[in-house]
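There are structures below to look over.
Shared between the two complexes below is subunit A, which has subunit B as its partner in the first and subunit C in the second.
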Partner chain A sequence: MIVAEQKPLQEIRRMISPYERVLILGCGTCMTVCDAGGEREVSFLHNALRVAQSRSGNEAHRFLEYTLKRQCEPEFLEMLVDKVGDVDAILSLGCGIGVQAIAERFPDTPVLPGVNTSFIGMAREQGVWDERCAACGDCRLEDTAGICPITRCTKGILNGPCAGTKNGKCEANKDMDCAWVLIYKRLERLGQLEKMRRYYPMRNFRAVPRPKRIVRTPVAVGEDNG
Partner chain B sequence: MYPSASSNFQNYAAYRTQTASRDHSFVPPCQAACPLRMDIREYVDLVAQGRIMEALQVIRGGNPFPSICAYVCTHPCEDACRRSQVDKPIAIRALKRFALEFGGDRMIQVETQTTHPEKVAIVGSGPAGMACAYYLRKFGYPATIFEAHSELGGMLRVGIPRYRLPREVLDVEIQRLTQMGVEIRTNTRVVSLDLLFDMGYKAVFVTIGAHQSLRMGIEGEESPGVIDGATFLREVNLGLKPSLGDKVAVVGGGNVAIDTARTALRLGARKVNILYRRSRAEMPADPAEVEQALEEGVCIQFLVTPTRIKRQDGQLNTTCIRMELGEPDDSGRRQPVPVEGSEFNEDFDTLISAIGQAPQTPGDFRVRIGRGSTIQVDPATLSTNRRGVFAGGDAVTGPATVVEALAAGRLAASRIYDYLQHRYPSVSKEEREKLVGDLLPETAEMIKKIGRIEAPLLPAEARIKEFEPIELVYDWETAVNEARRCLRCGMGAEILFQDKCATCLTCLRVCPYHVPHLDTTGTIQIPVDQCQACGVCVAECPAKAIVLRKPYDRRQVTEELDHVLKSATESKVSPLIIGFCCQYGLFGTGTLANLWRAAKAGIWIIPVLCIAKVEANHLLRAFEMGAEGVFVAGCGEQCARENTVAWVRNRVQKARKVLAEIGLEPNRLQTYVPSAAGANPAEWLDRFVEQIGGVYLASVIMQEVKVDSR
Partner chain C sequence: MANSLFEEKLHSNEFLVTTEVGPPKGVDVSEMIHHIDILKDRVDAINVTDHQSSVMRFPSLGGCLLVKEHGGEPILQMTCRDRNRLALQADLLLAYSRGIVNVLCLTGDSIDVGDHKEAKPVFDSDSIQLLKMIRTLESGKDVGGNDLKGTPKFCVGASVHPEADLIEPQLIKFEKKVTAGAQFFQTQGIFDVASLRRFMQYASQFDVKILAGIIVLASARMARYMNDNVPGIIVPQAIIDELAAVEKGKGLQKGIEIAARLIRTIKEENLSHGVHIMAVGNERVVPDILEAAEVEVARH
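On to the complex of A and B.
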């Protein structure tokens, strides 16, 4: 799941300051789950902006709130067609994908990001999220016992651990586990320690074209399927 | 609009009709068990909020004679109460009594109008007859009650002893019936129903009760000094004082036997023995009353039955035999079997047999009589084999409870209404689902244990001297605390907007009772039979997909907030301070109401049904509307839940962050939890008001400085 964090209120206020009518747009999927832009956060932000406005006295925004099921699907965005005409800007509480999808669909309306899209991760407990995947496009988790060194090692090295590991913790942050110690322990448990002895060559990220696109070639109707 | 604590009767009625449409709640076990289907959960909750007038209104809406039930009801609701799976059931009957006494039930008058010409005769003035008359009057029919005795009330008058049901209570209810325009004919024994029809009555309700005592069928039963329980109680209750002698035996194990024994004690008998042929577990009498009788000094001999009575020298030489329990019979109770050769003799001055009663229907009524001399009726319509003749109460069921009789009377009234309107009986169906199932052990374990507070009783020594009512009424605080124990079965959270639910599992993680769970399809389920309606998940759900069934949902706080803000802005007080306060604790017991009055001007209170339902949004809204200070006050240690305040602190923290970001002092928003250690909420409030005053003053000065410097 994509995890994000709401931007500081002051930054949001600065962004919306040129616009009078603002649509605060939530997203009902990842942003709801990570508590950054679900329906509740939309109305909380709405309230916070209104308190700020009532106290400062020299702002005159009008807000609309709405939450889409997902901002990253063109079909869901069609639901906004009626609303977009009434607003000067859209403050999207979707992830970066949502913001861009809106920008693409509504070229004449400014869209502002209300959250900082942070990482792909998982909930550790209520209110705590951890990064787990870098979406590098070349998964090596088979060799590393299901623990990703790209994301969980500060250096992201493929042949660890480095000399900075101490008592299973990382030199960069004493509270953070060393990913390679975790990998070692789990490989030991699985009886696959020989995987530690192999050398994994550097990956050539230049060979990965950006932005990536996945095309699943469909079989066209009427073609010879045999 | 959810009414505030100050709103009156009419508002509440209007509000209830409005909200009926959004009532998704399940019928709780207490309501399902009540023959009158009273909305127990609702009035218990209103008592818990200290809204006694509204509680009384709910009670009166479901029960024609609640004050009678408040004294003598056998409370099947308490037997069904699911709180007993945690500790002890809610003391529902005592709470009803409290609501009636403190809500001013005696002052209430019921308005009626005669809109139909057809007269209805009611034969018998027991609870069923009275209830039938009450509802017939409400439907607009003229009703006449015929009573053979000199006073109305049936078994309530001649069967139930005064110490359990004070006669003033009964008289008030009868007075009310008279005010409603019910015609009353006492000392009138009806011998033939044809005569009633000749007199112009279009329908007759026969509710003659079950006054005929069953005979023991033993030798010497006819001796002087042997009487039956029903006759004995009738004589005592109608003002006679039979001389019993010193030593009295009562045969039987039902409520009548217990009443008889306790009445005998109060008449001055030195020693009262109850002879019961089974053991205590099989006794049909109310266990609480058995306990009270034992306290008062009644001696109960179990597994004993008399076999022969011989009168000698003014005494009853009674031969008894001991019994043992054999195989269970049809009723499921183990059948007593005599132990051979275990006979023994005992002398008594009086022997009262209270082994059961049956109705005695005059033959001229020409109604079909069934098993146990009861009148045969169609259970759905209460109609007998004769056209226009309906029957109900003990005469149909055999000896039963007051509340069952009231229910029969009410049913009869609506069926007679249907009959007189020539329409097919409209069988009312409960549309809401019944809540079934026990609490899961893991849920029950997480519920805070709070002991049941019994209504105080007079001490046993004082009780047996006279016929004063023995049960006292709760005081305000005790009643509120007892009512707060209610688990609000069937009112819990539901995911109303499944399409919004992102299955984020927040509810599953935050629930203090481990109620939400994932089903095999990966959908989150909040089982209604386990949910405790605390509202934590409702406030925490990031998708706003969860609501509580009934007015407990977030609309309550939001609407209350709007209402208060509107009046507050109109009143133009400054600095404006808004407090979200637990309606159950401080407010319910009146502490907060006093505090509110005593506090310096400018404080507006929003009563909330548990502070766990206050969301960060509500706090911000208060500031937006111009509040200078906001506080959330919980109920502290008397809280029926655990750790609700932790949730509030989280939300206060979140709102404070926003305040800081827009340049308001975060200490304008505070949480207050009274502790048992004598902390004075008023003092705290005064300090808070002072502090806000200071902050406010500073901000006003700053504003002026800014203006000046321009």
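On to the complex of A and C.
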């Protein structure tokens, strides 16, 4: 899933300052799961903004709150049609895709990002998320025992560890595992170290040119995999 | 035929000595030139570091030109951190055109350890892919498969980490570097002769020259700092204690003694094909170390 962090309150207050009526818009999918912009966070942020506003003695804003199931899909965005007319701006707690989908659908309404979209990852434990995929368009997890060196190695290198690894940790961050130590150990366990001995040429950074687009011809279920 | 004086030395059976100079942050190169002048006749070649520890400095290629102008034999350190494949190839073409043909291929330290922590890390290639890139240029093509006008020839090296706490993946990488065309290796700083001996028992099966990395320590504080902050460096406690035992102001003298002792042992016991001395700011003492170690090189 996509993982994000809510922007600092001060930055959000600066962004909304020109607008009187602000819709705080949550997203019911990834942003809910990563505790950055679901229904609960919308409500918390609404309260925080109201408190900050009353403390400053400047009651400039009126807030509405709403959470869509998904901000990134056109059919869900249609539910906003009745609401956008009543607001001066939308403060989206969706990921960067949600913010842009809203901007495309509602060309006359300013949309502001309430979160910093950080990475594609997974929950490690309560309150901890780790990045796991760089969406590079050229997956090589087969060769690396299911551990992504592009994401988890700070240098994203393909031919084994650099010399900076110490105690199994990365030179860039002593709390971060060296991806190549993990890959080595797992390949060894699987009896597949020959995969590490292979030479991997420079990556094609244009595997799918940016901005990327995938076009798939519709097929009947089951037709494409025999 | 050898492409450089250093490559010619690699083919000999002489005990090889290289060292390195770090370019300044700024345009005052007088100290670096001074170091080049006192070192050029005492060693077989001088590396010029490439934004070492990801700290922005005068460029390696510029430093190599100065080594050349002052009659030394340069080794161009080239990392993949700051340049994509176009920039790396272009710099290699320039280097060759100016007579700089010894290249040490490194992946490069992480941006996070340096002084421009918000910079974009490039790493379009890694050290092994850079070795291959050089061999491709030597075939008359660029890595895009296009013909070159005029073909360069290089003498290429790489680094290896014999004291890594998990050695096996490093050895796999070492073999890949050999296959990719590395002719010589300068190791990360060695402090434990036993680990070098173990590494050489394995590495001697390959037709490459290994230069053991010798770091000149100037104090116990510096040793501890390196352990905590310099990627890959592991200074053993015994050496830290030895440095800590000397009176204030005598640390560097002790460091010279430790480095010379290591070099003498390595040479006497034939533990590697040579040494690469990294004086990290104390380049002026390299001749003292060589004297204390009783190592002399014959520059042609």
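Operating definition for what follows: the second predicted complex is superposed on the first by the 215 of 226 C-alpha atoms of A that agree within 3 Å, B and C clash if a C-alpha of one lies under 4 Å from a C-alpha of the other, contacts with A are read in each partner's own complex, and residues count from 1 in each chain.
What we mean here is this: a residue touches a chain if its C-beta (ideal position, glycine included) is under 8 Å from a C-beta of that chain, and two chains touch if they have at least 3 such contacts.
Everything quoted here is computed from the prediction, not taken from an experiment.
Engineer: Under the superposition described at the top, does placing subunit B and subunit C together on subunit A give a clash or a fit?
Structural biologist: Subunit B/subunit C on subunit A - fit side by side.
Engineer: After superposition on the shared chain, which partner residues are touched by A:I97: those of subunit B (first), subunit C (second), both, or neither?
Structural biologist: Touch status of A:I97: no partner.
Engineer: What is the contact status of A:A134 with respect to subunit B (first) and subunit C (second): first, second, both, or neither?
Structural biologist: neither
Engineer: Figure out whether A:V84 sits in contact with subunit B (first) or subunit C (second), or with both, or with neither.
Structural biologist: neither
Engineer: Considering only the touch criterion stated at the top, classify A:P201 as touching first (subunit B), second (subunit C), both, or neither.
Structural biologist: Once the two structures are laid over each other on A, A:P201 reaches subunit C alone.
Engineer: So, does A:S54 touch the first partner subunit B, the second partner subunit C, both, or neither?
Structural biologist: Only subunit B is touched by A:S54; subunit C is not.
Engineer: Is A:T32 touching the first partner subunit B, the second partner subunit C, both, or neither of them?
Structural biologist: In the superposed model, A:T32 contacts subunit B only, not subunit C.
Engineer: On the A-aligned overlay, A:V181 touches which partner chain: subunit B = first, subunit C = second, or both, or neither?
Structural biologist: second
Engineer: Once chain A of both complexes is superposed, is A:Q126 in touch with subunit B (first), subunit C (second), both, or neither?
Structural biologist: After superposition on chain A, A:Q126 lies in contact with subunit B alone.
Engineer: Looking at A:M15 after the superposition, I want to know if it touches subunit B, subunit C, both of them or none. Which is it: first, second, both, neither?
Structural biologist: neither
Engineer: Shortest C-alpha to C-alpha distance from subunit B to subunit C once the two structures are superposed, in angstrom?
Structural biologist: 25
Engineer: Can you tell me which positions in subunit B touch subunit A when the two form their complex?
Structural biologist: Per the stated touch rule, the residues are 499-500, 502-506, 509-510, 541-544, 615-617, 620-621, 623-626, 654, 658-659, 661-664.
Engineer: Touching subunit C in the complex: which residues of subunit A?
Structural biologist: It comes out as residues 154-168, 170-173, 180-181, 184, 188, 193, 196-197, 199, 201-203, 205.
Engineer: Give the list of subunit C residues in touch with subunit A in this complex.
Structural biologist: Residues of subunit C touching subunit A: 81, 85, 107-113, 121, 123-129, 132-133, 143, 159-161, 164-166, 168-170, 172-173, 175-176, 179-180, 188, 231-232, 234.
Engineer: Mind pulling up the subunit A residues that touch subunit B in the complex?
Structural biologist: My answer: residues 8-10, 28-29, 32-33, 35, 38-41, 43-44, 47-48, 50-52, 54-56, 67, 69, 123, 125-126.
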